[in-house]
Each structure stands twice: as structure tokens, then as C-alpha cells.
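Each of the two complexes below includes chain A, the first together with chain B, the second together with chain C.
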Partner chain A sequence: MLSTTSYQPNYFSIDDILATQERTPCKFLQNAPRMGKLNPSTDEKDLKAGTELELPLWLVLDASAGRQMIVAPELPKIYREAYREILKADATAVDLHKFNLYFYELGSYVKYFDRREDVHNILLHTFITRFRFIMDLANNADSDPTVQNRLDMLERRLFKSGHIARTKLNTWLLDSGAPLKAANMVTNHRKRKRVDDDLFA
Partner chain B sequence: MFAEKACNLIKELSRCEEVLPPYHTELVKEVCTEIKQLHEQNKEDGAIVANESSIAGYANALYPTLRIGSSAVKRNVRCLLAYHYNRLKTLRTMRWEFGSILPQDIKTNLSSDEIEWFTKYSRSFAKYMTSIGENGLNLCLDLRPPKSLYIEVKCLMDYGKFELSDGTILLLKKDSRHYLPRSECEELITQGVFQHIV
Partner chain C sequence: MDPDEVEFLGEKSLVEIVPTFNSAPIYFIGGDVGPFRASIPIRVPLWVAVNLKKQQQCKIIPPDWMDLEKLEFLKEEEKSNKSFVKMPSDHYMIEAKLILGCAADDIPKTDEIRTIIKDIWDIRMSKLRSSMDDMIKKSAMYAAVDNLTLMEINSIRPLLPHALDQIYRIKTNKKALSNRSQGTTSTLSESRTSFSSKT
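On to the complex of A and B.
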């Protein structure tokens, strides 16, 4: 009942909403009257067919669905050939956070824009190669805390839960009678308050 | 750009996990106006499209505009619902962790509807707990398997008087130590009044 945010993208998922907010390049196939404001570079009222724009993914997905496509979606540059080569070379060396915060979520949406399965394969390849590295990090988090800045959101969540599980296991192994503790929210709340008190006292 | 404001609401939530940012009444209102405007526009466009071409509706020149407009409405609604839903979810967790009385500074961040929801949730929660078994069951107790009946605790703040279930009244002062039945003090430990000493 008190589960944390589930990973499965659902209607209310914050991560999914933020991932579908990412800008994706696309090309208009039809004229769209009165939609000129979507294109910040012109003052025209109507949007002509053939205009190339970067629109949020949710709009691109909706507009390219169905029998009659309004826009033709294109791959964002981080999933194109050049970047795929980088990932193929050594996925663990990449700063995925800089690529995109929601690398995998975004990827699983845009992979359908490419007929061949290249994006699909590279997502899988990246995850598999990096998973070992994340597991290693989670088990030895003390070594260098800055490494986790290079993870994308999904990986970061994996890292966190892995790290918590590891600490729990350690305390249980050391002394099985774990002490009762204040609830998480309560402790955090108090920490914040202390800062506020210091500032405004 | 469509739905930009609605997305800002979501961004606000995602920035602070486990903490509720102040309820953003203004932004919510602005998003509602945007939805209304878009909806009105869509209704007009829809009427035109329906009138001009009864058979092949999607051949109309306005059809792309209509589709973009309707998807913007959907997006706005989704963001708005997600904003409220996720706030309630955090609020529910707070009932379990803080207990039925929220600290004042958290309460100021809530909207009046959220406060009402919290009281209602607390009430049904309490009702459910009393309905279990003969004497009711406190679901907030024994979240971890107990090892002993009595535990030693240290009081972390000047709490004041605290009545045990047998009628004894304890005066809880900062840094005082007590040896109490586990079931009596578990809730105070969760609330951060006591510290469990092993």
C-alpha cells in the first residue's frame, strides 16, 4: 500500500510526464491553421507543411498517431548513429545524465520512430553493460559518491534501492535486533526545520 | 507552448520527494483557464469541421489544428490530475509516519481541500483499526517484529506529560531515560520523540 512511485509508466507517473515533455524534432506534413505560435522563429499565423520544429514528445506522439499523420517524427540526436557509436564503444564510460535525464524512458518512446531496431538494441545494450557497473556502485557506495551523478533517473533509482537494501542487510548481519527508528519523513522534516531555525533565529 | 504551466506544477513536485511544496493555487488556476480556453476553441473548430465535411472529417483544413488542440487539453488535464494525485499520495504516507496530527509548518503548505481529505482519511483509518478483532488493532504498531516486551528509550525533546495505558503519568523531559513497554512507546519513536537505545 505504501509503495514508492512504481516504475511502470502510469497515467499519474511524474517520471513519465517529465519524460514525455522532452523536445523531439519533427516535420509538419500538413498545414495547421492558427498554430503559428508553435514556431517561435516566425510571426506567421498559420503553420505551413514542411516546417521543421522541436515539439514536446507528448504532442509529437499524439500528432503522429493514427491513419493521418500531421507530423513526421524524427529521432532526437542522442539516439542517432553518432551517439549510438559512443554507447557501443563503452557504455559505462558515458555520462548518461548529460545525454538525457530519462534516457531509457524517452528511448522506449522514440524507438518506434526508427524503422530498424537500432535504437531498441542500443537501449538494451546500454542497460545490460551498465547494470553490472550500477550494482557494483550500490554495493560499494562509500568509494566515490560523485559517480552516481552520471546515472540517468532509472539507474539512479536502481542505485538507491540497491544501496538501501545493502545497508539493511549489513545492519541485519551485524546485529539482528535493529532498533526502532523515527519515520523517514519525520527525520527529514526535523532536519529542514533545523536549517530554517538557524537561518531565521 | 501548450501545457507549459501544467508541467511546471509537475516539476515542482519532482524537485522535492517526501516533502510537500506549498500548494500552488495560482498556477493551478492558470492551468484551468488554459484548459477552458483551449476547450472553447476546440468546440468552435470541431463544429466547423463537422459541418463542412460530414463524411471525411479529417480532410478538413482545420483538422490538424483540432487534433493538436485536443491533445493539449488532454495533456493539461493529465498534469493537473497527476499533481493532485501525487500530493495526496505523499499526504497519505504522512498519516502513517507523523500520526494523525501534522506539524504546523506542513499544514500551512496544504490546500483546504487537502486538509479536509486528511481529516477524512484519518477518520476512516481510525474507524477501520477499531473494527479489526474484538478490541481493535493499531496498525501503526509492531511494524518490525518485537524482540522484547520492554525497551529502553531516551527522550529527545521536552514533550510534557504522557499517560500510559495503566494510568501512570510520566513527565517526559529532554535527555531523560525510561524503561517502558514497547507497545506504549513505539508510536512516539516513529514520531521522533524517543530514541530507542539498544
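On to the complex of A and C.
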């Protein structure tokens, strides 16, 4: 059951392909003959060592692997210090969708570019702090459908599965000749969310 | 699981009814029911009781716990307790819903009972939510789910297991780091195999 809905990248995973499309800044350590066309700013045939370019992540990953690195990868800007500080301050207030569609997927690739594990920690921290937010959203999505636009794709997947389950449960609770109701006093209480009102009225 | 499937499981629990007809035992795959003697109480599975009630062929005797005083006490206990209180029935929500739904005339004070069961459910659900949040925040290794009923456990699926899956993924990715530094294979293939082993 889990394997179909839970995310597992495989070779043909569309999400994985899209995530590894991301432009990643990197610096060439060696001359790359006949690769000049990768650099649109010059007409030279060869790429010289020291050139700084933005290449797709899938290329950078393979070019930077092995003993003889062709390029030295750098962190995309959303994982750098400044952005990490924003996430540390309050991860729930952030529009992750704007950061990157595949914040966590991309993050788990690029975190190896950072030897101090700061990126790893911030990924974990972000997910954990935002979990409550996703859970509440899944339980009360009717209140404001636009909020889910602030989730990255992985969170959105979680949200969807949670929301479907919650809707089913609510239908079940209501689905009988005489649904179980909360007391009027409770429903009218100011602190109670309006959503509950609608559900149990 | 669908709530309907959970309901199906819960419908196996026994309730007492007073039939208004005579009948020889009925043989089902899941077991025999009956024989029925008019006005002699008998214990039958919930789904049989609901069916007979709908045909006006029995009276359902509410379970012991479906009593305003007992429920009131339970609710207070649930409120004052930090962990979950043991419910009188493993499928209290299903029993309440089905019995109150079809046999409201057999149970005294239906409305009050309905309300109080819903209150208990709401208290437990909010407790469940906050303990889920707590568990994720503290990255706890395990959580005790004592005294939770199947319907309640089912209500946090699939969100919680999937979230834990993702945390696990983020964490296990870290281990690939030490492999990579040996520089034998590319990260790309490595990070992929580390997940496929989970299937």
C-alpha cells in the first residue's frame, strides 16, 4: 500500500527527473575540449578551467563524481546561508513552492555539496516544523483551498493523501440517518473553527 | 483503510437483542446465529442486529457502556488524563453510530448520548493530533498507541506513516554521504539504490 503512494524515486520517476533539471552553479576545474557551446557568453570552442556556469543538476552530479572531478558544484541559492536563516526563523511562514517545486528532492541531492551537513539539518528541520501545518491543512482544507499553493510537491502529496482520508472519515461520520453531533454549546463556542460548524451542523 | 472497511470489522462485535420472532439457527460462514426465541434475549453480531432492527424484528438492548452516567464519567476522565483512556468497546464509535442510527427508540436519552459520544471522540481526536505533532517534533523513535480504537488509528493514516517515511528518507540520505566520499560510484545511482532497498 505504501509503495504506490509514498515517494520512491526510480529511473522513470517524473518528479525525480523534474527535480534534477534544476540549474546548479558550478565551476570547471579542468579544460573541457569542444564544450564551448555550453557557455553562451563566448564563441570559443573549448571550455577553460575556471569557467563558472549553471548546469542542470543531473549533469553536475555525474561530472562532479569520481576521483577526477570535472566541475566543482556549488549550492543553489535557496540552500545557502541566507535562505537557511529564513527557514530556521519560521519554516511555516515560508512559501516553499516559490523556493523550489521540489525543495526536499533537490535538497537531498545537493546537500552533498555542503560538507558541514547544514543543508541536511535544514531539510529535516523544515519538514518537521511544517508537519503540523500540513496536518492541520489536510484536516481543514475547505477553509481556504489556496493555502496548499505554498507547499512543495512532496508536501502536497502528503496533504492530498491526508485530505482524502479525512474527507472519507467525515463522510462516514455524517453518513447515517442520525449523525453524531457535537453539542450546540460546543459548536457555538467562539474558539471552534467554522469548518467544524459546517461539518456537524 | 476506508472508514467503511473499519465499520465492517466493527460490525462483528456482539450486541444483545430481544427478537420478536421464532427461528431455527441461521448458519453463516462466520458462525451460527440463533436460534431465536421471541422475547428471549440473545447475543448476535452487530450487523445482524441492525438488519433485524430495520425489519422491525427485534429490539436492541444498548451495551452497558451506552449509558449517560458512565459516558459522563468517561468524558471527565478523558479530559483530565493526558494519555488515552481505555474505551469500553474497541469499536465504540461504530457501535454508537449504527445503534443510535437505527434503534434510537430502544435507547433512553438518545440525543444526550449522541452528543456526549461525539464530545469524547472530539477530545480524543484533538489529543491524537497534538501527540502526533509532538512525536514528529521530538523525532521520537516510537509512540504508544495503547487504548486507541481502530477507527482512531485509521484516522491518522496515511498521513503519519507517510510523513515518517519522508523523515526516514531524509535521514537515510545522510548515510550515502560516507559512501560517496570513497568516490567509487556516482551519487545519482547511489541515492537511488538506497531507496529501492526499502520496497
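The criterion applied here is as follows: the second predicted complex is superposed on the first by the 169 of 201 C-alpha atoms of A that agree within 3 Å, B and C clash if a C-alpha of one lies under 4 Å from a C-alpha of the other, contacts with A are read in each partner's own complex, and residues count from 1 in each chain.
Methods note: a contact is a pair of C-beta atoms (placed from the backbone, for glycine too) under 8 Å apart; a residue touches a chain by one contact, two chains touch by 3 or more.
Values in this document were obtained by computation on a predicted structure and should not be read as measured data.
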Checklist entry - Given the touch rule stated above, what does A:38 touch, chain B (first), chain C (second), both, or neither? => result first
Next on the checklist: Quick one: is A:11 in contact with chain B, with chain C, with both, or with neither? Answer first, second, both or neither.
Outcome noted: both
Checklist entry - On chain A, which partner's contacts cover more residues, chain B's or chain C's? => result C
Next on the checklist: So in the superposed three-chain picture, is A:30 touching just chain B, just chain C, both, or none of them (first/second/both/neither)?
Outcome noted: first
Next on the checklist: Let me test your reading of the model: by the given contact rule, A:127 touches which partner, first (chain B), second (chain C), both or neither?
Outcome noted: second
Checklist entry - Of the partners chain B and chain C, which touch A:58 in the superposed model: first, second, both, neither? => result both
Checklist entry - Where on chain A do chain B and chain C both make contact? => result 2, 11, 58, 62, 67, 177-178, 180-183, 186
Next on the checklist: For a test of understanding, state which residues of chain C touch chain A in their complex under the given definition.
Outcome noted: 2-4, 7, 93, 96-98, 100-102, 104, 110, 114-115, 117-119, 121-122, 129, 132-133, 136-137, 139, 154-155, 157-159, 161-163, 165-167, 169-171, 173-174, 176-177, 180, 183, 185-188, 191-192, 195-196, 198-199
Next on the checklist: Please output the residues of chain A touching chain B within their complex, sorted ascending.
Outcome noted: 2, 11-15, 17-18, 21, 30-35, 38, 56, 58-59, 62-63, 67-68, 70, 175, 177-190, 192-193
Item to check | Residue ranges of chain B in contact with chain A within the complex | outcome: 1-3, 7, 10-11, 13-14, 18-19, 58, 61-65, 67-68, 71-72, 74-75, 78-79, 81-82, 85-86, 92-94, 96-98, 103, 105-106, 144, 147, 151, 186, 189-192, 195-198
Item to check | Touching residues (chain side chain A, partner chain C) in the complex | outcome: 1-3, 5-11, 20, 58, 61-62, 65-67, 104, 108-109, 111-112, 117, 120, 123-124, 127-129, 131-132, 134-135, 138-139, 154, 157-158, 161-162, 165-166, 168-169, 171-173, 176-178, 180-183, 186, 200
